[in-house]
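The structure's right below; bear with me while I get my questions together.
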Amino acid sequence: MSDAPVPARPAGTIHDLGYKRYGGARLAASTRWLVIMRQQVAHGWKTWWRFKAALGLGVIVTFVAGGVMFLLQDRAVKGVVLPEGIAATLTDATLPRAMQWYSRVAFLVSLTIGARVVAGDVQSGAFTFYFARSVRPRDYVLGKLAGMCALIAMIYVGGPLLLAIARLGLSDSTDELIAILPVIPKALAMGMLGTLAFAAVPLGFSALVHNPRYAMALWATYYLIVGGMAWVLSRITDSGIAALDLAASLDRIAYYLFDLQVVWGRSKRIDPALALGSVLAHAAAAIALVIYQVRRAHLSGIGGAS
Amino acid sequence: MTDHRVPGSLETVMTIAALTWKRLARGRALWVGVIISSLLVPFASAVRSSGNAGTGEELIMFALLTLAVVPPMFVSSSIGEEIEERTTTYLWSRPVPRWTVLAGKLATLVPVTIVLAVGSWSLAMLVGPQRPPSPESCLALAAGVTAISMMAAGIATLVPKHGMPLSICYMLFFDLPIGAMPISLSELSITHHVYTLTGMFRDGATMPRSLLALAILCAVWGTVAIWRIRRLEV
Amino acid sequence: MTVVVDNCSKWYGHVLGVSDVSWQLRGGIVGLLGPNGAGKSTLIKMMAGLLRPSRGSLTVFGKSPFHDVAVRRRIGYAPEHEKTWDELTALELVTVMARLAGVAPHDARGAAERALAQMGMTDAMHRRVRGFSKGMRQRTKLATAIAHDPDFLLLDEPLTGVDPIARVDIVERIRKLAAAGKTVVVSSHVLYEIESLTSEIVVIYRGQVLAEGNVYEIRKLIDRHPHRIRVECDRPRDIAAELATADHVARIVFERGGVLIETRDPDRCYDALAQVVIDRGIVVSALSSPDNNLGAVFEYLTGESRGRA
Amino acid sequence: MTDDAAVAREPLIVLERLTKRYGTIIALDGVNAIVDGQVIGLLGPNGAGKSTLLKALLGLIPYQGRARVLGLDAAEHGTSIRDRVGYMPEQEAFLAGMNAVEQCTYAGELSGLPRTEAMQRAHAALYYAGLEEKRYQPIDGYSTGMKQRVKLAQALVHDPEILFLDEPTNGLDPRSRDEMLELITELPGRRNCAIVLSTHLLPDVERICDQAVIMHKGRVRFVGTIDELRGARGSTALAIELKADAAQLAEVLTAAGATCAVDSAVTLTVTLPAGSTTQLVFRHARDAGLQVRSIGVHRQTVEAAFLRVIGDESAQVAP
């Protein structure tokens, strides 16, 4: 026993609180976008005016639409008919009709957050913060885009999905339930498309000019005025130019997805394929613009104006 | 040079106006403004080429919409940014009364915006309906620009940081909706009076009355702006 | 009297900028010293007419600069921040500022050119301010302050961020302005910048004037607090023996090649030390005191001279 | 990190014919230098090419020639270098509406630390920078000194091996400046992290740097220790400080055969005549009723040395 004495436990210890070198592995550069995305969501979530107010409006839209769906199930809707030519009831038409309201709410978010992202970062010197670290331009773009998508998806995917579930709940029989089960993937697809549009396009405008104010003005002008003009033009010319109106295009796609024919209204003139093409082209052009501008900012790098 | 001459008010207004013009012309704001205003022209031309001459009613609607964006952008960038970036320290340390700075800025911004608005409107009328714009409509746009600029100046001095979005929201969510109301609340709406002044829509109110209303609105916002800018520190 | 400040206070909301300051400024170059947030800029801005005192009065040439427009004609102010109207060239900027200050229109451009030349900016004056380095921005700001030939210059941190070559040059130019009879107030929180410029200082601390006057006079205040004097010499024991009995000496410590004396009365101690050195013919190779510099004065004045290792 | 030993032997920064052109402007003109040390001062007037050099070292811009940092080629391994290097920018580079902890955590995560590790290190870095109580307040309301501390903390958070500090004491009052410099000097010992300090405040360099690199017009003019820069070799002149009136002492000492230069109202530089000691100074001072406050070997200040190196076009010290 005495051969192996148990080391006496000291009565007191002073622990070395000194600096410990980080020994763990660093995460791969390809995960940086996740960090940026989370920050973008956290940033939007932070104050009442940036995102939560709009989210509140989105919730109100969902509740009102759900209420309409439930209370006025059998009321026919003006302007849209089912493929067989029968007037659509609010049960079927509420979800696609609600999309334009979600668009309005998403526009508000894109105006208060989306249209300022890149321009704001240029102005506040945040690019120095990003590019002095192992963040590549593509990480930044992907992260910001994903962040904006996540924010808008809360409204634009979440709302329609809830409405789709409500629609399932209103089915009279199991057969009907199974027959209308596709509303879920349809609502998802619709929501994701709209989310992409309202995340990417304002981001593109925010990269267009280096001043958040001008970026906001340009985005508002494009969405409200150019869209309105395109719509008026297409009414006069009976052409599909109204596809330039993002709101109308999204509307049209919604009606198409939910098998409703538009008899009159803003989105009547747009061919669904054209509408889809327009939304995707807008998003692609915007993302390309952001990538181009962020690369330029990356090359000028950190520090002063040399 | 030691005669300690203090510049006259008119001289100061002119100096500030020239300065504002130089900064506007060299910055991007002017081009953004030109782009937004001139959207009206390709639109009119497209309407025309579709074989639909139109009367300009739709054009005036879009002209008013651009007015909801362009003057707030110019005015709140020029005033709000100056306050926010503290370049006002240069101005306030000079021997000039503060209202002259405001007047000088508006003396450039308002005419420039009027030229943009009336210019693109006239061009759009010539390209689209192919007739000269009525003097009333030009006057209406000019009065509208003035009133909206005064409103934007008031808001920009009250809330320098968020002047532009607030002004735009004011136009979109307050001014335009109440202008469409049939009740007397519409007297508060700038856009309502501009519509009346164009003489394109008859809705009872006479033009002198609208002019008077706009003048009162200008005076109210102008007072707010001057009151604020006199109290502003740094 | 150029400036008279009388029981003057300034609050921003609940934040106190300047607290019950009474102070007068006659002329010459005055260095306004103090830590960040002590109230230097607030005081300067009040003198420039940008801020209105919350209480008390502040006059420049007998007038209130906030309310009296005309008196600002005689003031030249260069703000602390860097932002200017970057779209303009240096010449345009200075010309506009000169015109706003009342220089006759036909003369403004000439005045601006002269002011820029005075600041060594002739070569760059047709370039836009946007691309300027900090040194060039500071010079341009100084040119805007002097273009209308004011009698009283307020320069807020004119040397911050300027590279050493430019700093030497700017200091020289500011001194020339003072030599030409102008009253100049220069603020800084870096002591050695001010040291090269003037010996007249005002120390602002916690919104109050803590000390004012000639820096060497102020330095005498330092003699109130204990000093350590390090003497490197050939015979430290002789010094120790001689000074050990003096009532002003608190402690004597031998060090390698010398001796460290702690004293309660530096003024007397230095004299006594010199006497010992002379009397005993000691060869002193170095004499120094960590507590005997302006930095120490500054720390002493601002109350919290931290314990040194 | 198995080749830690190998990395340690490699100098911090190796530059070979490093050249960078912006159009017709040559920002870096064939720079050759080997830089090593613990606290390195990077000096030069505006436009000397310092920030371009930093950008090249961080692998942010393309360049000609070679640049190696910590043994890694900057052109190829930009992201790995940036993970191991901390950068404290001169201008404000904060994200709107964030407090110090969030900012530092985010910075750590962007440098590849897992979230929990980043949070822990953010707090540690902010403690180190002395921002204990204020770290949950939004940065917008910070004073200049506090902002500088946040910038330092965010540069430290990911445990860098080299820290580039761009004007870290700019806008700080003497006490904050002392504290900041103290923080910086402790870094190599406590965190095993080399410092590259770029500043216009040469007394700072004098106080904390052991090495200096001086750049001018896109070239490196000097690489070496601070003592080499000052040239402390065998100067016989004395720097003397009085309680008052240096001019008067200069007068009497000149009469006694010394060479004097009055530096300020209370300081002068004296070269004593051959064979005399400081006794001469003390005696004349006492006789003139003056009090000697300090005597030391006159050393060229870093500022003077810097001006000499920059001013002397031909004095290019090749490494």
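Letters A, B, C and D name the chains as they come in the text, with residue numbers starting at 1 for each one.
Just so it is clear, a contact is a pair of C-beta atoms (placed from the backbone, for glycine too) under 8 Å apart; a residue touches a chain by one contact, two chains touch by 3 or more.
Predicted, not measured: the structure shown is a model, and the values here were computed from it.
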Neighbouring chains shared between subunit B and subunit D, ordered by label: A, C
Chain at maximum distance from subunit B, centres defined as averaged CA atoms: D
CA centre of subunit A versus CA centre of subunit C: separation in Å? 55
Between subunit B and subunit A, distance of the C-alpha-averaged centres to the nearest whole Å: 33
Whole-Å distance, subunit A centre to subunit D centre, using C-alpha means? 47
For subunit A, residues that touch 2 or more chains besides their own: 304
Counting only residues that touch at least two other chains, what does the list for subunit D look like? 47
Where subunit C touches two or more other chains at once, the residues are 133
Footprint of subunit C on subunit D - complex, ascending: 44-47, 143-145, 167, 170-177, 200-203, 241, 243-244, 264-266, 277-279, 282-283, 285-286, 291-297, 303, 306-307, 310
Of all residues in subunit C, those that touch subunit B in their complex: 45, 48-52, 69-75, 77, 79, 81, 83-85, 87-88, 92, 96-97, 99-105, 107, 111, 144, 148-149
Contact set on subunit C toward subunit D in their complex: 34-38, 133-136, 157, 160-168, 189-192, 195, 199, 216, 267, 270-271, 274-275, 277-278, 281-289, 292, 295, 298-299, 302, 304, 306
Of all residues in subunit A, which touch subunit B in the complex? 111-112, 209-211, 213-214, 216-218, 220-221, 224-226, 228-229, 232-233, 236-237, 239
For subunit B, which residues are in contact with subunit A within the complex? 28-29, 32, 35-36, 39, 43, 46-47, 50, 52, 54, 58, 62, 65-66, 69-70, 73, 76-77, 81, 164-165, 168, 172
